[in-house]
Amino acid sequence: VGARLTDSAAFSHLWGTAEVRALFDDRGRYQSWLGILAALAQAQADAAIIPAEAAKAIEAAADVDRLDLELVATETRRTSHSTLGFITALRAMLPPEAAEHVYYGATVQDLTDTWTVLVLRSVGEIAWRDLHAIEDLLVGLAKAHRDTVMAGRTHGQPGAPVTFGLKAASWADEVRRHIERLAEGRSRWLVGQLGGAVGTLGFFGDAGPALRAGFCARLGLGDPLVPWLTSRDRLADFSLLLAMITGTLARIGNEVFELQRPEIGEVREGTGPSTVGSITMPHKRNPEASEHLDTLARLTRANAAVLLEGMAGIHERDGRAWKAEWAAFPEVCLLASSALAMAADLLAGLEVDGAAMAANVAAQGGYLSSEEVLAAVAARDGKHRAQEQLQAVLAEGRREGRSLAAAVTAAGVLDEVAVAAIVAAPSLSTARSAVDAILERARRAREDEAARWS
Amino acid sequence: VGARLTDSAAFSHLWGTAEVRALFDDRGRYQSWLGILAALAQAQADAAIIPAEAAKAIEAAADVDRLDLELVATETRRTSHSTLGFITALRAMLPPEAAEHVYYGATVQDLTDTWTVLVLRSVGEIAWRDLHAIEDLLVGLAKAHRDTVMAGRTHGQPGAPVTFGLKAASWADEVRRHIERLAEGRSRWLVGQLGGAVGTLGFFGDAGPALRAGFCARLGLGDPLVPWLTSRDRLADFSLLLAMITGTLARIGNEVFELQRPEIGEVREGTGPSTVGSITMPHKRNPEASEHLDTLARLTRANAAVLLEGMAGIHERDGRAWKAEWAAFPEVCLLASSALAMAADLLAGLEVDGAAMAANVAAQGGYLSSEEVLAAVAARDGKHRAQEQLQAVLAEGRREGRSLAAAVTAAGVLDEVAVAAIVAAPSLSTARSAVDAILERARRAREDEAARWS
Amino acid sequence: VGARLTDSAAFSHLWGTAEVRALFDDRGRYQSWLGILAALAQAQADAAIIPAEAAKAIEAAADVDRLDLELVATETRRTSHSTLGFITALRAMLPPEAAEHVYYGATVQDLTDTWTVLVLRSVGEIAWRDLHAIEDLLVGLAKAHRDTVMAGRTHGQPGAPVTFGLKAASWADEVRRHIERLAEGRSRWLVGQLGGAVGTLGFFGDAGPALRAGFCARLGLGDPLVPWLTSRDRLADFSLLLAMITGTLARIGNEVFELQRPEIGEVREGTGPSTVGSITMPHKRNPEASEHLDTLARLTRANAAVLLEGMAGIHERDGRAWKAEWAAFPEVCLLASSALAMAADLLAGLEVDGAAMAANVAAQGGYLSSEEVLAAVAARDGKHRAQEQLQAVLAEGRREGRSLAAAVTAAGVLDEVAVAAIVAAPSLSTARSAVDAILERARRAREDEAARWS
Amino acid sequence: VGARLTDSAAFSHLWGTAEVRALFDDRGRYQSWLGILAALAQAQADAAIIPAEAAKAIEAAADVDRLDLELVATETRRTSHSTLGFITALRAMLPPEAAEHVYYGATVQDLTDTWTVLVLRSVGEIAWRDLHAIEDLLVGLAKAHRDTVMAGRTHGQPGAPVTFGLKAASWADEVRRHIERLAEGRSRWLVGQLGGAVGTLGFFGDAGPALRAGFCARLGLGDPLVPWLTSRDRLADFSLLLAMITGTLARIGNEVFELQRPEIGEVREGTGPSTVGSITMPHKRNPEASEHLDTLARLTRANAAVLLEGMAGIHERDGRAWKAEWAAFPEVCLLASSALAMAADLLAGLEVDGAAMAANVAAQGGYLSSEEVLAAVAARDGKHRAQEQLQAVLAEGRREGRSLAAAVTAAGVLDEVAVAAIVAAPSLSTARSAVDAILERARRAREDEAARWS
């Protein structure tokens, strides 16, 4: 029984989707292992290395429902060997002749690395699907809020007007780059592993290269040409990409968290009817998903860093780095899958309060137009002169609680009409053009893009 | 069912001991939660906040075997609330009157933080026990090999003689510092949490401080005086200490890994009769535990870093940092527990091959005595002059395959008798005194030290 | 000339104080190295290993102003040896006889490790001083704002009233634990290093242990008894403590950053008269120092993690870990020193706006009293019944824009008088007792505590 | 004056090449800043936003040698503003009219982000060049040692024969993937930044998008279309790629470190004539560069992680993440540049000792052929039967010090002729085909590949 809260019945959904959990749990893993050994046997039968009947029998037995999981566990612990328990249980399901041809000439890492890549393929597929769904949602928000004016904030301080559409466009832009990265990495990542003891397939004499090619082809994977037993950049790269993706989703989550503060109140997470925010404070509505996106990003990048560290391994197998992947790689995939699913939900239910945004802009007394006032004065008086003057005028205006218009006109910097025009109609052409560009880019990208990743 | 390989029946023992797993799994966690709520109810009854009968009923019900775990899970998911499912299931076991007094005025973090500290106490206890066991083994090795001469290596190159006892003493010295850190942190770490909504126990009016004191006392924990809802240095500190401990154990593991290379062959992990080293290479004997200590250290420090990052939280509760602890803190404890157990086993079974050590020293052709030859020449000719001369003489000697003695005498630097004396009896007084000091320090420390940590 | 922006004339003050920079720059480092070699010579003269005149000459020459820094650099690069350039330059300042007794029997790590500890001592001293100053400021804030009511926030949402004094008390509480950690680590950290080639002081025969003791004593450091060439827990431990300290300071910074948002406006960083917030938005006032505290914490913990990783080194010297310390340890010290100085400044100038705090509480329409309303109803109706009822009543009240009092009285849950009493006088006894406890604890701690750390 | 050892005259070459240092030092940075402001002015003159004469004057003044660096520093510190000091000094060099049109409507981040990308372009160019040089060296080693048989090692234990060519091929394979990643990321990374206060270029009304396009074009950069003020995936991605590259180089370094142990002695770093290995042990030859590659990788990945963490920023500018980049990004580039240069040197001078490799294989008494013996017996007796039998036979053989041939023939498993044939001619077809494939792939890649990156 699991000792990790991340796997407990009550909490596991927060730390991995059911879909990805099924890839990594005992059943999923052993089913995939059986499939790999069946493919190996078939490829070996094709190359006349083992009898065709043995390969058929192995393929027929490749069903996790028939595997004695208890025996797997007991024998694994007894021998301290990573796959011997599994092989023993598999052999127990086979006629003696076929049993001798299971796992023929292969080593643990051939099995587990190939499995890792198969899982990577499934997780990449899920990320591909979810990133597209998230892009759609973001593009939709960008379009819907192309003209929804709100305070742009720098260093946490309202500075000048932006649109919510621009914010969504920036998120969509980042997500699109992740989709591109995913597309580009695919062929580099999706290769099988078959090397035997030290990568030379010494077991198979001259038949090695062709056998590896056949094995990989049967699984729909590329042939790596060179063993990658200690060449772990592929897994590090994919993991770091997932970590970057969770970084983007955490950026979205953090933004929602901040804008949902009631003192700001510009967006709100949707909530289901049965959600309970707080027991002790029955009035509260918390940005739970938004917060959790940041939590997931922290954990994902911590685990991805373990795979990056593992690149510096030695010799023809480095158990230190490789076994660390056994814990860290699934973690990265599980956490990222939750982040993707949760972000899609969050965005689908996001409530954007344009009126609150407008009110917050108004509450700043026109000061959000200071950049444009500066532009107007700069055109007349020179920029640095304008800046020094406004710096003083506006600081004083703020101190005395006047509006920007009052401050600027009192100081004789601009007349009332000019200021009013600036405050009334912030210049948002660039923001709008960014939204349009993102929409167009996403639209065009979709035309060329396959629905499925692999 | 668990999706983490680290929790699978076959592999979980490598990523957490059974003892620590039992603290974190659903049963362990819910049993502890029940105990905490019982203590809370008792403390509240003591303060006449709830009826004594209710407290008695809650205490009587505090048995995880009676808890409907299915209900806990379903309600947790339905409400998206971390403890409401648990409370619902607990209330279902109670008479209506008592049910109303469960979890009275407490909040999620009161329960989970207090639980975390109770687990920390158990893990600290285990670490205390295991570190002492490891210190004993190391002190034993230091004593047994006080005079076992071997090559000291710097930058991977044999440099000058040391003893294996010195190596063990250095490990023991480091372990002792961890024991001290553990002792010193104890009272800082072992405090309960009871703050209610925002840490002010507003639910309880003026009774708050005394209630918190009573609650903590009933659990054998200190009273924090101030809520620590976003003050997470205690957990970061403890986690970093466990990470440092795994760092020390990885140092030991890495040393064994290197010295076990057959080209060196100075130590060997013991192996059980049923261990299988390699399927494809039936002759092999791998330093499995040694390697794994490094793997565990990598993962432990990655997870501990998440707790360090979590210190920078905001306001009266920061879900981003806090929920990250839910995944990272158990991981740190589980991984470190495995490292401690595995290191103790490794050291208990370690085979030290003094003959191989001597042979490796001899194989260096006397060059390991270059520091002492330098000392002898330096005393006569001046140190820097001696050094420049020897640099040339020894480089040439090595290039031509001569022994140090041959090189030095041929160059007329020292006479045969003098060199032979140096090579025959390396100066190891300092090494021996280090061993003696460590032995004495460990002995004295034990006199003052309690057998149990908490 | 420096290539790091962190060392550029314009920006270096943000990434290290002048005081700590002077410890690490070329002059500071070489002066300290000269002092160490002088102490070594003196200890060797005491033990009749070198002539007393040589020691005197070396001590007399130990003045960085006389050192040819150009020669140091050229020879270091030419020989690829870390200290040979320095020694060459030192020898050039000495009479021939004394020159032969410089750096007698010592190795690079003896010099650099001892230097690192001397710097650690200075940095620890600075941290001790600054943490006490920060504690004073925090205790002052806690006292001054013991009764300043403000919204407590969880998950970014106002939840229930707290006091600003409680917030300051929680920071002070955490700072005090760092002071304790600093005190406890002192004797563990402050030890010299003298081991020669591989830690055995083979150069000195039986005189080794006494020489090391004498050398350490002359520098005011403890004798490690065992060489710690690859036993790096001390530096990791100290670095992680500095990282934890910056974590605490980042917590303060992040809080100020959030509370300084004009939509909240409860605190403000003080600003100097010449500070320019923004060129493009002349009205802005940014929480620069607050932000920077988080920046510094990120970088400090990244660098501290490198020292933690370095604990797993091998053999009698591990250049991989050790050289990484050369870059990471100074970085940790420099960054933390800036964080300490900046936090002290920030707190000294912090403007706390009690009126804004009160207004924000009021703006919540009484909902911040929901915990206490719950308590009142729970005492009458049972807690879980009360909670379910209030959950519905308050959600509806919020939806319809009513005050808590209106919602609760309309639903017949409590009468007007009772609600008004709760809202008017939040229960803050626990908050106040926390402030008092922290004040008292700090006061008592000071009675026993030395003004200086080392 | 620099406080970082990494920038000290004596040691800086180990922590950044002169070439990359020149990009980041004050002169390099200010020269680039001047060029950016000149390009901005030109683009603004093109768009009739500022007078053409002003643009010309600014361009003419864009010479760091004329800049008053002292003034820059003083004013930066006085105003606590990141670029105001620089602008003041620049304005001081200009006629009054032009001075008013400097930095017109731009903000700090426009300048510093664009600068960062320009530096990234230069560093990418260097990495492109150095990775190709390293690939050439590795391909050369793979070709030269296609048939150089050596022990393959797993878990640090010799297992079965490989070739040194295979090892080099695996490194080359990994390097090639980095080259591909570098090629693919180029157009994503190389974009300018021009957003003004909050990314909307409010200063410029409708002229914003065209101005940004013109500005980027003048610098040879792409137009980002959307401001990326808090969208930092590009810098994180590039930094993580550099960290991965240093990981690969550390893998090479660690391998050399291990194989250079005299007990193994299969490779050796070349050494220059003036290199001094050890002062205290005059006979030693240390793998300095190899070690340092691991050191550099540790520090690079720690700093790259800071950029990954920075992705989760908020609002329209997040100083916490952005300022952390100021320290971490240069560090990543400097460290990686040293690693690339050092790895190229190491590989160019690497001494490969085929005779020692053969001797080490021979010293294993034939046991490295166990995989092939297993294959032979498996073909006859079945694989699992063969394995169990050999497991026992070979363990006993090793225990009793017999050769594999003796053990196997004594047990009647295979006859002498068969065993001798296997031991004499290890099966290395797969290894050779891997070398050939890598050679061919590198050759073909070069045909399509530009000599320069950007």
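All chains are identified by letter, namely A, B, C and D, in their written order; residue positions are counted from 1 within each chain.
Throughout what follows, a residue touches a chain if its C-beta (ideal position, glycine included) is under 8 Å from a C-beta of that chain, and two chains touch if they have at least 3 such contacts.
In this text, all values refer to a predicted model and were calculated from it rather than measured experimentally.
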**Prompt:** So which pair out of B-C, B-D or C-D basically repeats A-C, with more than half the contacts the same?
**Reply:** B-D
**Asked** In terms of C-beta pairs in contact, which of A-D and A-B ranks higher?
**Response** A-D
**Complete:** Rounded to the nearest Å, the gap separating the Cα centres of subunit A and subunit D is 24
**Fill in**
Distance between the CA centroids of subunit A and subunit B (whole Å) is 32
**Message:** For subunit D, give me the residues that contact two or more of the other chains.
**Reply:** 87, 103, 105, 154-156, 159-160, 196-197, 203, 258, 276, 278-281, 286, 288, 291, 294, 305, 309, 319, 371, 374
**Fill in**
Given the complex, residues on subunit D that touch subunit A span 87, 91, 97, 99-105, 152-156, 159-162, 166, 169-171, 173-174, 177-178, 180-181, 184, 188, 195-206, 208-209, 212, 224-231, 233-234, 236-237, 240, 243-244, 247-248, 250-251, 253-255, 258, 294, 297, 301, 304-305, 308-309, 311-319, 371-372, 374-375, 378, 382-385, 426-431, 433-434, 437-438, 441
**Prompt:** What does subunit B use to touch subunit D in their complex?
**Reply:** 154-160, 257-258, 260-264, 276, 278-288, 291, 309, 360, 363-364, 367, 370-371, 374, 387, 390-391, 394-395, 397-398, 404
**Item:** Contact set on subunit A toward subunit B in their complex
**Value:** 1-16, 20-27, 29, 69-70, 72-73, 76-87, 103, 105-108, 196-197, 203, 272, 274-281, 286, 288, 291-292, 294-295, 298-299, 302-303, 305-306, 309-310, 319-321, 323-324, 326-328, 330-331, 334
